[in-house]
Structures are given as C-alpha cells and as structure tokens.
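One chain, chain A, appears in both complexes that follow, with chain B as partner in the first and chain C in the second.
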Partner chain A sequence: MKTTKSNVFKIVLLSFAFSLVSSLSAAKLIIPVSGSVDDATPVAVLPFEYVGTSSAPYDFSEVIEADLQSSGEFDPMSRADMVVKPNDGAIFNYGDWRLLGADVVITGKYFETSSGQYNLVMDVFDTVRTKKIITYSLPVNSQNLRASAHHLSDVIYEKLTGIKGIFSTRVVYINVVGGFNNKTYELIVSDVDGENQAVVARSRAPLMSPAWSPDGRQLAYVSFESDNSEIFVQDLSTGSRRSVSNKDGVNSSPAFSPDGKSLAVTLSRGTGNLDVYVMDLASGRVKRITDSRAIDTEANWSEDGQSIFFTSDRAGQPQIYKVSKNGGTAKRVSFVGKYNARPRVSVDGKNLAVVHVDEGAYQIAMVNYKNGQILSLTDGSLDEAPSVSPNGRIVIYATTRDGKGVLATVAADGRSKPTYLPAVGDVREPAWSPFR
Partner chain B sequence: MKFIKENWSAIIFTTLVHVVVLALFAVNINFERQVVKPATPVAVQAKIINGAAIDAEIKRQEKLEQNKLDAEMKRQKDLEDKVLQAKKQREIEEKRLSDLEVERKQQELDAEKRQQELAEKEKQAKLDAQKKSDAEKKKLAELEKKRKVEETRLENIKKEQEATKKKAAEEESKRVAAAAAKKKAEEEAKKKAAELAAIKEKEAEAKRLAEEKEAARIAALQADLAAAMEGEESFNQAVNSGAMNRYVLAISQTIERNWRKPPSAPSNLKCILNVKQLPGGDVSQLSFGACNADDVTKASIEKAVFRASPLPEPEDPSIFARDLEVIFEPES
Partner chain C sequence: MNQSTIKKFLSNLTLITAVLALSACQSTVVEETVEVETEVETEVETIAVVDVPVLDEFGNVTGWMRDGTFIRNPDYVEPVVQTAPDLLSQTILYFDFDQSGIKDQYRDVLAAHAAYLASNPGLSLRLEGHADERGSREYNIGLGERRAQAVKRALLLNGVSTANLKTISFGEEKPRVQGTSESSWAENRRVELVYR
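== the complex of A and B ==
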C-alpha cells in the first residue's frame, strides 16, 4: 500500500510537472511580490551650474539635498562621490550614474537675466528606467533663492513619491530666551528646516499653544501677559492681533476648525473644571462640547470638521476621546498604554500623533483611531507636543537635549529615526503650518 | 370436270377473247414502237358502185352470213357430240371407280373383323394371366403373414434378452458410477487445492505485472517528460527537489528587496507586470497588465524590477523562464 500510495503521488506530481513543462514555453512563471522596503532612494543632487562671469550666487543643490535628506525618503550622495559631472541632459550617461549607485540624478543650470534676476532650469533623471523625468524652469530673484530651492525640492518630491512636498511649509513654535530672571517668550515662525526665522510675538509672560488657521494666515495662541490666560488670534501678514477668549479661569489650547470659522478651546469658566468648548469666531459665542468632572482639554478637529478629539482623564489617566463638534457622548479612541495625550490629527484620516508614556518615558506615537493600534515613533524620554506635516508624512515634536528644548522630526510611519533641527534656544510646542 | 363439260363453249369463248386481247396488247406494243419511225404516206382509194351491184353484194353478203351460221351450227353440233361422248366416257369411268370403292370397303371390313378376333383372343389371355397372378399374390400374402408372426415372436424373445442385459448393465454402471463419484470427489478436492494454489500464484503474478506496468508507466511518463523538455532531463528532478519553488522565491525576494513602495500606493494595490528576461537574468522588457496603481507606484514597480536585474538564475538551467508575470500585491 505504501508503494502504491507513493506511486500515485509520484504520478500526480509527474503529471503536474509534465503539464507544467508542456505549458512552460507558453505560460509565464508567476512571481508574487508582496513585500517592499522602506530604505531611502539614493539620489545625487549635482551642484547647479551657474552660467555667468561672477561666482555662483547661491547653492541651490545644497538646500535641495538637505530637504530630500530630511524627508527620510531620500539618501543624497556626497559630492565627493560624484566622480561623473554631466552638465547637459543631452549627454547624460545613465549607466555611469547607475554604477555610482544613484537612482535619481538632479542637475540644474541658471544664469542672470538682469541684476538679481535669474533663469533656472532643473533636470531630473531616473537612471533605473533611464529616462528624464523632470525638466523644470523657474525664474528666481535674489530675494527668494532659498524659497525657490524649497520649491524645487517640492517638485522633485512630489514627482518621485506622488505626495505633495512640505519643504515650503513653515512651523511655529515658542522659544524661551534669557536667564532665570529675564525670561522672554518668543513666538517664532520659520521654514520647516528651521531657517528663515521670524519672531511674530514676544512677551515676558509665558506664551503657549500656538495653532495655525487653515489658510496659514493667522495664528491663535495663549498668552499670560495679562496675568490670566488669554487666547489671541494674530494675523501674520499685518501683525495685528485680537483677544478672542479672556474668560474667568483657564483659556487654553486653541484649535481652528477646518473651515476657519470656529475655534475649539479649553475653558474652566471659573469653576476649576476644564471642558472643551467651540467658539464661533465671528460672534465670540461659545458652546460647551464636553461636560465631565474630569479634565477635558487639548482639542483638535477631525479632517472633515465634524468631530473633535481631546484628552481626558475621566478614566483616571489621560486618554484620547472623540466627540461630535456639537457635543454629546464622547468615545474613547486610545487604549494602549496608561497615558495618551495631546492628539494631533493627520491628513490620512485615521491617525493621531500623541504623547504616549511608555515605562515612564514620554514619547511620540501614532494612534490609529479606527482600529486602536498604536505605533511608537520616538525613543526619547521627554518628547512632547507632536504636530503632523500637512502631507501626513512627518511628525515634528519638541524634545530636550542638554537641558534645552529642541525640535525634531520623525517619519509618521515610523520608517526613520528622529532628525533634530538646529538648536535656536529653548524651544517647545511646535505646530506645522498647512500648505501655502 | 363436270363444270368443263357443261360450260365448254363459254370457256372457249372466254379463251378466244383472251387471245384477242393479248394480241391487241402485242399490236399496241408494236404500234408504239412504230411511232418512233417516220410515217409513210397512205393514199386513199375510192370506187363508185351501182345499185345492182349493191343488191348482189347484199345477197352475197347474206349468203356469206348464212354459210357462216351453218358452219357455226355444225361446229356447235360437233362440239355437243364431243361433249356427249366425253360424258359417256366419264360415266363409264365413274362406274368403274364405284366398283373399285365397294371392293375396297369389303376389304376394310374383313380387316376389321380379323382385328376384333385378335383383340378378343388377347383379352382372354390377359384374363387368364390375371387369374393366375391373383392366386400367386394371395399365396405370397399368406407367406408374409406367417413371416411376420415369426418375426414378432423372435422380437419378443430379443426384447426379453435385452431387458435382462440392460438391467445387468445398469447395475454394473451404478456400481461403476459410485466408484467414479468417489474418485471424482477425491480428484476435485485435489483439483481445488491445486486451483487455489494457481489462483494465488495468478494473483501474485497479476500483482507483479501491475507493479511492473506501474513502473513502466512511471518510466513512460518520465520519458515523456524528458522528451517534452527536449533533453532537459533534470527538470523533473529540479521540480521535485523544490528548485522551481526556490527559483520563484529567489526572484520574488530580489524584487521585494528593490521595491520602494511609495506612500501613494493604494491599499488594495494589485498590479501585474509582464517581464521578459534574457538568459542570465537581464530584464529586457516590461509591460503592465491589469494594474490599479497610480503613476508613481507604477514607476516604483518598474524600478523594482529594473533594480533587481539581473534576476537570480535557477539552480537548474532547465527551469529558466523567459517570461515572468510578476504580481505586485502587498498584504494589507
């Protein structure tokens, strides 16, 4: 019986193999591919060629290289390794660059058209598919050289990833300068790479919780300059500001609704009990959204503007809850860990960046509010105040190095390690701007 | 004859008429012949005669006519005499013939009489013979009867003898049959044992044959396989040893290691890429089949395969596949 069975098996196998062979010449071998890698795409950003008599006025490629590097999705080649230096697409040698290991090669050329006015042309080559994938020309002037470089980075990023780049967006944060007795709080807006800083508000009293309006033209923040907490909305282009909430007790954690017409805030209204309210910015009227004896605070709007996520310790420890913008029953959405706070919504429509305590360490994590899963992004001990880039790809947050607050970025999907932005003082509470 | 006798004048007249007509035919024929000859002129002669002459002539003519009639009457009378003479002659002849007939009839009657006498004699003879034959027949029948009686008697004796003989034979056969049955039973038992052994042997043989057949079938299949592979005998071995699976896995993993799936890729991504490779694994051609990917993801898929090129080669060259259908379908 044993032999018979094995014979039958053998025959079946042989028949199968036979049919396989018979059809081999005609049929295709099926190769299933499900896995992929997250490693950065090797890219060579060649120094842009300046066509002119004077020396090159600006190093565009250095900015682009840094931008692409900061995304975590690209790995720029060092200039020393660029032993081939083509300057013209017509003679571009794909094979050489492929051998050098660059999947993407970025070249640029610009010349002065009039004083301080330049014409720039950028070419981007895909050495794997051996084709030029971008030709982009851009008029540039001496006032927007860096912004132009960021713009080119956005063009490249979007072409290569299918996602809008964030290199032209900004961040706002609080910087504390001065010693123990002469502390000054600055509200600073800078490019997302930390450059191009502008102080938009300065106060000897604490400034807290800056938030962007959806059009990127206004900031809401909390100031203690009148001894009590007070919420201001300030116009960035004119610098003018107005107080929108100066009620008894706590006025904190402002958050613009996606339509820009409302502001979610945390108020105690002299009771000592913090709850989330929604303020109509035009009339100043507020509507109570949460009503619990616990602390309800740090509101943030869902992408569709219909719900509000907030932190509440109603279950004993801070956790994230979701409630309708009109109030009602709140639903808990974070379950992993004893402490999840300060939710910030991602554009992906399913994740919140939160401060998550893991074995006593305050770290940044992503909470999926659809399925409750949590993804740790950082491994620090005092990471706080996350904010998600408008393309959903990066989380910026504050952490502490050498006793001082610094900003850092990390990929929102956890694929990269944190990158620290240049220290500018004692920095906290960053908030990422929307797209311009 | 009588007719001729009675109508002799008419016959002669008719004969004469016929002779004249025939002569006319002949003259006519001559005339027609003469028409062809040139005509000879004929002169007409005329003569004037007087009344006396005429009366004389008439008298002469009447006399001539009377002579003619007399001659004719004489001739008629001669003819009648001749006819009477002939009639007389004929009556004599008829009488002679009639006498002859009577004589002949008498002769016939005599012959008939003689014939009847002969027939009567024959009849009598036959009757005598019949009588004699009947007596013999009767005698023969009696003899036959006697013979039959004798035969029956003999038959009965014979039957009796046979019955006795048969009885004895039956008894003998019974005895023999019993012995045979005994012998047969013994033989059958032996035979059965032998048959059982034979069946067992047969079964063993059948089994052995089946096994041989099976082995032959496998061998044939293997041969077919080998033939189908056009000499790539190691294919079967390679497949059986899992080389095909390892080949597929090696290609799959190489592509996966080179696929940077962009964040824009749809969560239900399924994309078929048809790949042609050259011996050695160099990718020579790509084309998309069914694919729900955006452009960036499609580009990433193409790049993954190009970056993976040259694709890994199989352990056994016989399973090298020129055409690949790479299905990009991330687990959700």
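== the complex of A and C ==
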C-alpha cells in the first residue's frame, strides 16, 4: 500500500475494501488459546508420513504443532532439531528422544484408500514412562483434512492433560467496519485457530450479544436493523433466521438454556424497567423471572439448567445474582468490588467470568459463586465481554487498543498473562462455542 | 355534519370548481389550493378569487394572500415555543456517570419541548438513550433505557401525552464522539430528542 502512487488506484482499492473484508482472506484472526505457562511439556510432532506415489496431500503435524503450542501447555520442538529420523515404523527409540528433550513424541502415517479418501494412524509415545500412550486411527477425506488435524490435537490434549481439548471449537464475535459515521456491523464465526471465518450476518445498524445454542448449530443475537432492538435466532448451516422477540422497548441479552428449548432474554415491555424473562422457543411464550425496579439483565444459565445468573443494580451498583429458572427470590453471589457484571458460567461448577471494576479500571475476573472470592485475570482498563472456553481453561474477552476493539485470551486460573490477538478491524463481544 | 362544517365543505367545493375552471390557463395554481382546507365565508362562493394560505414555520395557517393583500387568520395563535427557539434547538441532554437523574439546567429545555409538542399534537418524539463505553454492553442498554425513561417522565409531568413519546436505548453502541477520555465519555452519556 505504501508504494501506491495513483489516486485512482486508491479509489479502486477503497471500493473493493468491502468485499475484501467480507471474505476476510487478508486479515487472519489467530487465536492463541492462552499465554505461555512456565512448565510447558516439551513435545516433538514428527511430520506425518504419507504412503503413496503422489506428494503428501496435507501437513497434519504442522496444524497439530500449532494447536499444542497455542495451548501454552506444550512446547513443540522445531523440525530442524528432530535429528532422530526416520519415522518408518521401526522400533521406537525412547532413549534418543529422551536425550533430545522431548517428553512426548507424536508420529503419524496415512495412505490413500480411494480417490480423496485416506486412512490415518497416529501414535503417541511417552518417553518419560517409555510407553506408547495412544494409537489412534482415523478415516480422513480431502474435505476434512484441517478438521481432522484439530481432532487429533484434541485426542492428544485430552490424553495428556485429562481435559477435553478445544481445538475443534469456534468463536463468534462482532466486527465493525467503515468510518465513525458510516459503520457496518458484521457477525463473524471463526474456527478457534482463525481459519474458516465467515460473515453470517451484516447490518448498518448495531448488532450485539451473540450467543450459541448448546448444539453449536444456531446463534441468537440482537439487531437494531428494524429501528428497535430485536432478537434473532439464526441457523448456521442454512443461514435462515427468525425474529423471536420484537416487543415494545428493549429486546436484548439472549442466552440459550442448556437443553436448547428456552431462551433467557431481557425485556422492558415498554415500561422502561428491564427484567429477565425465559422464553419457550417452541411457543414464543415468555415468563418473567426477575421483578425489581432495577436493571436486571445479562442472564446466563447454570450448567444444570436449573438457575440463571444475571446482573442487577438493585443494591445501587451492578452485582451478580442467582435465581431459579422459575423465578422467585434472587440471591446475590458477588460481593467484592463496586461493579461486577455480565456473568458467564464456567464448566468448573463454581466460577463465573465477569466484568469487574478495580480502582476505576474495567477488567475481567472470576467470581467464585460458592464462596464469593474473586480472582483478577486481566490488567486492562476497558476489558469486557468475557466468555469461557467449553473446557473451562481459557477466557476470551474484548478490550481496546489504539481506539479499536481487539480480542484477547487469558488462562481462567490466572496462571498466564493476557495474549492480545492481532487486530483485524474493530472487534467486540466474542463468545466461545460449545464442543462440537 | 353540523351547519358550519357543511358550509366549509360547500365553500371548498366551490373553490375547487373555481380552480378547475381557471386551470386551463393557470395550471400552476391548482396544486397550492386544492389541498388546503380554508376558512372561507359563504359569500366567497360567488367570488372567483383564490386565497393562497400563508404558513408559519410549524405549518399553521397565519392567513391568506388575496390579490396581493394579506388577510389575517382570526383563529391563528402564535405558538408559545416561538418565544424560546434557543431552548427548542437543544435536543441533547447529558448525564453524569452511571446516573439517570436529569440535571436542573434542562428543566426549561424540557418545558419548551413539552409546549412544542402540545401545540403540535401531530408530532411524535423519540427519546434515544445512550451510555458511555465503559462497562458491559447489555448493562449499558439498561442505563440508556433508564435515561430515556427519566426524560419521558419529565415530559409527561409537563403535560405531554404518552402517545407522542417513544423510547429506545442504544447503550454504548452509538457514541456521539470517539475517544476514551472523560470529556468524550461525558458527551456520549446522553438522551437525544428526535422528532419524527
């Protein structure tokens, strides 16, 4: 761009800018799953061997290596350092790899069974305990090479940590393109590694608050395109969507119940008083769950689907409360600090990721709703919109750098510093998908 | 239909007929006249003269021009708001951080808008509530709505009909100015009065 001399060329570029952004081919949002952790396990991912006459159709080990590296829990060896070769199915020499400093060695082999169809076998060796810990075979086709590599990363990660991997999950977020007075809002779904980005909705009026259905097939979100807030539910495979709430006043903050049958929403119903309601998605009927003169909003369901956490300023400042899905008396669960808002439930069964104000700075923290303790995770001043990975390990959130929204990740247990993702526009409101 | 309505209806009919007769040579006059319901005495029926209404800035008929002479509308009352155009031009109310209380400085502004709505019952006003960028977006939707409702209540107390008022909250989604300083935040914590 710096070498561009012709204004005409600039204008042409500008006019194509919109379509470039919609394909998002240029700007990649690569999501490191967390910052590095000190005691990362050294691991060697050998290039997978392709048994065939043509050249290897895909570099599985490169993807697996990047996945494991991004977790912060593994430290992959560079290929140049892998002096013990080849990987030809001979007896595995634990001692050599131990000397090279790899605690875990991953090998793989695949061959074509018919056009575009492959059989793949992966072996994982533990050089500390000198035993093979995984033999995993997987049919693969030319349409799912990358997804298969992520799946293998999940298998490795779960075996080595005891925790489900999130390398096959996705993230939805909102990106704003255009000038200050000429904005376009895009709802974007991306694989967690930044591949396969797709704009699933686009609007000149604000889009807000994307939320996943528990099966990962649908998104609920808020749009102002009809000149009032309105909640849509959109099917990701077909792209079709329906309006589920367009009542007088505020229609906002959707959250699917764990069984996918209900949607918690925030409505004002023309009164100006925001309360949390639960909508039966089949009938569209709503039931009021909270009833206070305060702002009650930002519902998020407990893991068992029996309770709803929400933000309320009924005590004067926003704090987190818990109420039965059928309504009734709400119980306050956050007590540290003057501002705790937007709870997002973690699978650990005791923590909520929240926006927490510490000395005037808006940061992300974990609130333990069993004992009220709080754990600060971030150090920004305008951090917001936390979302916990489905395995409970990572929190993704939005923050601001140089006046633009960017995403960042941090370990949910506070063991890593935030990692800022490359800026791709003006990005906000990430929501991590459930497991596939 | 009472007697005077019938009279008016008849006089309008006559006017239209007269205009149609004239339209062969003076087609430009037609558009200006037929749409207007004029208060014309019955004797006008016999006079083939076209009155051109003179409107004030709010669309009220102040009188008519007939043959270059201004005839005053005896029913015309100058709107109250004309005495305070500077107040009416204020269409943004600002708020303190995390607050929805209306500052004293806006009391006269809201009274002027209430009077304007009272004298223009056909207008409706949308109160658009906003918050600054700090904190969570959905809670800020709540703050914007609360601010818009506070302005709505003040206007209702000033005699505005609820039918003429609508509220919407954009939270922090539509900032007025860009920036992360206290001065830009202060400009973004607001309710905008938008006539529609």
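Simple rule for what comes next: the second predicted complex is superposed on the first by the 379 of 436 C-alpha atoms of A that agree within 3 Å, B and C clash if a C-alpha of one lies under 4 Å from a C-alpha of the other, contacts with A are read in each partner's own complex, and residues count from 1 in each chain.
One rule holds for everything that comes next: contacts are C-beta pairs under 8 Å (C-beta built on N, C-alpha and C of every residue); 3 or more make two chains touch, one makes a residue touch a chain.
Quantities reported herein were computed from a predicted structural model and do not represent experimental measurements.
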| item | value |
| --- | --- |
| Chain B versus chain C as contact partner of A:126, first or second or both or neither | first |
| Touching partner for A:401 - first (chain B), second (chain C), both, neither | neither |
| Partner chain(s) touched by A:103 [first = chain B, second = chain C, both, neither] | first |
| First, second, both or neither for A:285, with chain B first and chain C second | neither |
| Contacts of A:342 with chain B and chain C, given as first, second, both or neither | second |
| Complex contact set, residues of chain B against chain A | 211, 214, 217-218, 221-222, 224-225, 228-229, 235-236, 239-240, 244, 247-248, 251-253, 255-264, 274-275, 294-297, 299, 302-304, 306-307, 321, 323-331 |
| Parts of chain C lying in touch with chain A, wherever the complex brings them together | 98, 133-139, 141-143, 145-146, 148-149, 152, 167-171, 173-174, 178-180 |
| Parts of chain A lying in touch with chain C, wherever the complex brings them together | 180, 206, 208-209, 224, 227-229, 249-250, 252-253, 266, 268, 272, 274, 295, 297-298, 311, 313, 317-318, 339, 341-342, 355, 357, 362, 382, 384-385, 400, 403, 428-429 |
| Touching residues on chain A, where the partner in the complex is chain B | 3-4, 7, 10-11, 13-15, 17-18, 20-22, 24, 27-39, 41, 103, 126, 128-129, 159-163, 393, 413 |
